[in-house]
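Take a look at the structures below.
In what follows, chain A forms one complex with chain B and a second complex with chain C.
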Partner chain A sequence: MPDVLLRAENLTKHFPVKEGRFGKQRSRVHALDGIELSVYRNEILGIVGESGCGKSTLARVLLNLIEPTAGTVSFDGVNLQGLTRRQMREQRREMQLVFQDPFSSLDPRKTVRSLIAEPLDIHRVGTPQERTKRASELMETVGLSRSYLNRYPHEFSGGQRQRIGIARALALRPKLIVCDEPVSALDVSVQAQIINLLQDLQQQFGLTYLFIAHGLDVVRHISDRIAVMYLGKLVEIGPADTIFTASRHPYTCALISAMPKFELNPSSNPLPLKGEIPSPIHPPAGCRFHTRCPFAQERCRREEPALTPQDEHHSFACHFPLPAEAETGVRPAVHA
Partner chain B sequence: MKKLWKDPSSAFCLSFLLLITLLALLAPLLTPYRYDQIAADPLLGASWSHLFGTDEIGRDIFTRIVYAGQVSLLVGLCSTLIALLFGVVLGLVSGYYGGALDALISRFLDGLLAFPSIILALAVMAVLGPNIYNAMLAIGLVSVPIFARITRGSVLTMKSREFVEASRSMGAGDGRIMFGVILPNSLSPLLVQFSLTFASAVLIEAGLSFLGLGVQPPTPSWGSMLNAAKSYLTISPLYSIVAGAAVFLTVLCLNLLGDSLRDHLDPRMNKRR
Partner chain C sequence: MNESLLDVNSLTVGYRDGSRPISILNQVTFRIRKGETLGIVGESGCGKSMTSLAVMGLLASPLQVQEGSIRLEETELTGLSAKQMNRYRGKDLAMIFQEPMTSLNPVFTIGSQIEEALAIHLPLSRSEVRKRAIELLQLVGIPSPEKRHGDYPHQLSGGMRQRAMIAIALACEPRLLILDEPTTALDVTIQAQILELLASLKEKSGMSMMFITHDLGVMMKMADRVIVMYGGRIVETAPIAKLYEEPLHPYTQGLWKAIPSADTLNQRLYSIPGTVPDPREETPGCRFAGRCPHARQECLAAVPPLVPMDEDRSVACILYS
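Entry: the complex of A and B
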């Protein structure tokens, strides 16, 4: 049994929204519904899904930046929901967040030195001189010149800013770093550099990543395991190879077929998705994917499929999963 | 700051305010008289020995204007600082925590804003009794809601910014987030308001002194000098003009400075230029 660092049980988050003329009718956005998830120590777990499926909410609930409506998160055996505010602040040393947008996640009035040393300042690690020294070491670690220490974030490019964000996340030597779409705001040419940097750092410091992205192509390269989300639900989770070559959930297959790829003869049948992602305020009954699923049947509209393990590592939530073998013709060809 | 000096109107305002401040600070060196010294016959016109003439009991008006500047600027500065301090704290707390606390603070401030500021200051002075410290408190209290509202507004926009969430995710406490992250990013509107409130504080102080509720004689104040001068408007018009001009120019310059600060600090205004 692998060593579990972070475990989410029945994690649910509903945001109340006011509707109607006087805001009397209260509805709820079902951002997360009953998520069961384990993150193993030293692994990179990729999480993918379309915009609005609850990925970023998941990241924030796992870090207890947002209180879950129901369910618990335990980190290294500690139940985060049971902690006092003070204990939780202390706990944050071990778990850091890298943001999607490096332009808005860095305080424009702070120098790089104080940005990177901010976590050290907050937790009063070392003397101010030691913090500055650590900040300049970290800059080198993430591939920035030490001479930039006294510059302001607006003087940097997007990729450099994201490196600052990563250095800041590393400062306290955390066990877990949650990367919330760390490259989707960057130029394609810079994306690869940042992903490689994250991968190097993971090996160098023995980190655990929860790596969120909206497309499979980004997580494919970096992840040990991949979890696929749809409308607040986990629909499939398994080792990266399995997800790409033997996924069973139609939604996962649709995501894979939506990946841009170079082919001489586009023989494989893509699995097209109809329509838009439904509103999370009124999620469809039964399987949440049935409104867009090409294989949906009567049972899918009535009964919600549970996430069931296929084998030790691979689980999916579907009544009529695609065949495990890849010769049906429906499954898109995937070139490794 | 350099940009301000390049703009002619704000350069004029800055130089005038600097001049007034210097005159007030260096008052004892600039004039041979004391502000309560009867130096010559009453109601003399301008002359080399009495630059602006003398007042109704023969005190040098220039000396009194300069010393009154000390009082006016000091009251203006201190009351604005009081307003800034309380306003910022109230605004930060109500914007950051929201909910019932926000509602309570906001309604309280609405209540304060419902009164015309000079009336409220008058009422407070009537209760506390007229002296210079109570004047600072009263004028400060009157200006608290403006600062609180401005701060609350910027807290509400800043609170949802990602770098604030970033600080929280690193384990920063509420105090650190409010004073270390949100406040430094909300400084420019506060700076503008500081200048504007300073102007209105000088004006209210003059008003209170005019009505005899501010600084007590023989300490001079621009307001009380105006009050005394109005009886001799026909005999010695210079007396009224000088006292009035001191208030008028100081307030005008502070207001103009506030406006150009806003123009220079607000990026949206910059684009339009």
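Entry: the complex of A and C
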């Protein structure tokens, strides 16, 4: 049994919204619904899905930055929902976040030293001299010159800023780092630098990552396991290789086949999805994917499929999953 | 197929810093044949968007064409006044931008924005214009086009907005459609739908396209021929198959290797060291020299010219001259 670092049980988050004339009608955005998820120690768990699927909300609820509507998160055996503010603050040392946009997540008026040492200041770690020393060590750890310590964010390129964001997240020696689209704003050549850095740091410090991204090739490269989300639900989770070569949920398959591939004469998409993602305010009844699923049947409209384990590592939520072996005409092409 | 539609020659675009001219695009030369899709790839700041804006005559002050020519068949576009340019823009040349929400006007309906393009350029009656607008909405795959005709941009989803943008761009059947990262803001499954739509529209109309993207997967799907840009210059140009199989320029080779794929699993990704140079820092040599694994002393001395390797590919690197 692998060692579980973070465990989410029945995690649900609904945001209230006002609809209709004068906002009289109260509705809820179903951002997350009944998510069951374990993150193992020292693994990289990738989370993929399209906009509005709830992946960023999941990151924030897991870090207890927003309160879940229902369900619990336990981190290293501690139930986060049962903590007082002060206890939660202590807990946060263990769990950090790297944001997507290195331009808006760094205060432009602070020097790199104070940006990186800020978590140390907040948690009163060491003397001011020690904090500066730690900041300059961290600069080196993430591949920036120590001589940049007194510079401001605008003096750095996008890739360098993302390194500063990572140094900041490392400052308190956390166990878990949630990376929310950390390379989406970067160019291909710089993206590779940051991915390598994240992998090196994981090895060096024994970190656990939750890696959220919409770039599927990046997620496949970095992740040990991948969770696929659709409209607030976890639809499939399994080892990265299984998700890419032997997925069972039609949505996972469609998502992977829609990804533009860097290859000559790309084969036409074997499983094109029609229509768009329904509104999370009024999610479809039954299986949430049935409105776009090419294999949907009557049962899918009525009955919601539960996330069912296929084997120890691989689970999916579908009444009529794709065959495991390459039997249909769809599969071999999809998993070319 | 071999006839040129657009000929860009030694195009240099920049601004003046006091008396010093600063060039962002340098000596860019390429052509787009009739019915061809030319892909332009490169990283942010390489000048790919600037090239498209120069062709559309949309360079904002202080940017201006400092040198070179842009010819659309027989017409030289660089010297045209704004008024003269308006005869081509939206009719012969049309452009689709990355973010449909900022390029659509929020206070007009989708229908009226399509009709605007038609009414300006074509001698049609009001009812004909409306009929044509609805046909266009149908053509780009917007469901119940009569109803959507009266919708405002905020009532549509991202994918539908981009479809509406395409309808506007196609209104006057342009000869050249410029697309600047048209699917970057969209989700993967929606992106697949829009790329499919663009490919089928091109098939039907036979127009030429200039497709700007940083996503090499998208480029493989759309382009017939590709220009790779770096630091405001073309470093390599070739038909897609040749470029894919055998990239020549060290920068193109680096980009190819940096893409994560099934073959790179459990390996470190190749990354190009360093970052893109600042266009204000003028260097006499190759812009890529500072990041290039093959850089030699000569690379710093002079900019390598774009040299033809065979009839349809060229590369600007000292290794091949």
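In the analysis below, the second predicted complex is superposed on the first by the 321 of 336 C-alpha atoms of A that agree within 3 Å, B and C clash if a C-alpha of one lies under 4 Å from a C-alpha of the other, contacts with A are read in each partner's own complex, and residues count from 1 in each chain.
In the analysis below, a residue touches a chain if its C-beta (ideal position, glycine included) is under 8 Å from a C-beta of that chain, and two chains touch if they have at least 3 such contacts.
Keep in mind it's a predicted model, so treat the numbers as computed, not measured.
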Contacts of A:Pro119 with chain B and chain C, given as first, second, both or neither: first
Contacts of A:Gln160 with chain B and chain C, given as first, second, both or neither: second
Chain A residues touched by each partner, larger count belonging to chain B or chain C: C
Touched partner set for A:Asn10, first chain B, second chain C, both or neither: neither
Touching partner for A:Gln87 - first (chain B), second (chain C), both, neither: neither
Partner chain(s) touched by A:Gln96 [first = chain B, second = chain C, both, neither]: first
Chain B/chain C common contact set on chain A: none
Contact footprint of chain B on chain A as seen in their complex: 63, 65, 89-93, 96-97, 99, 101, 104-109, 118-119, 122-123, 165, 168, 172
Contact set on chain C toward chain A in their complex: 43-44, 157, 159-160, 187-193, 195-196, 214-218, 220-221, 240-241, 244-245, 254-255, 258-262, 264-265, 268-273, 275-276
Partner chain C, residues of chain A touching it in the complex: 50-51, 157-160, 187-193, 195-196, 199, 214, 216-218, 220-222, 241, 244, 254-255, 258-264, 266, 269, 272-274, 276-277
Complex contacts: residues of chain B adjacent to chain A: 161-163, 165-173, 176, 181, 184-185
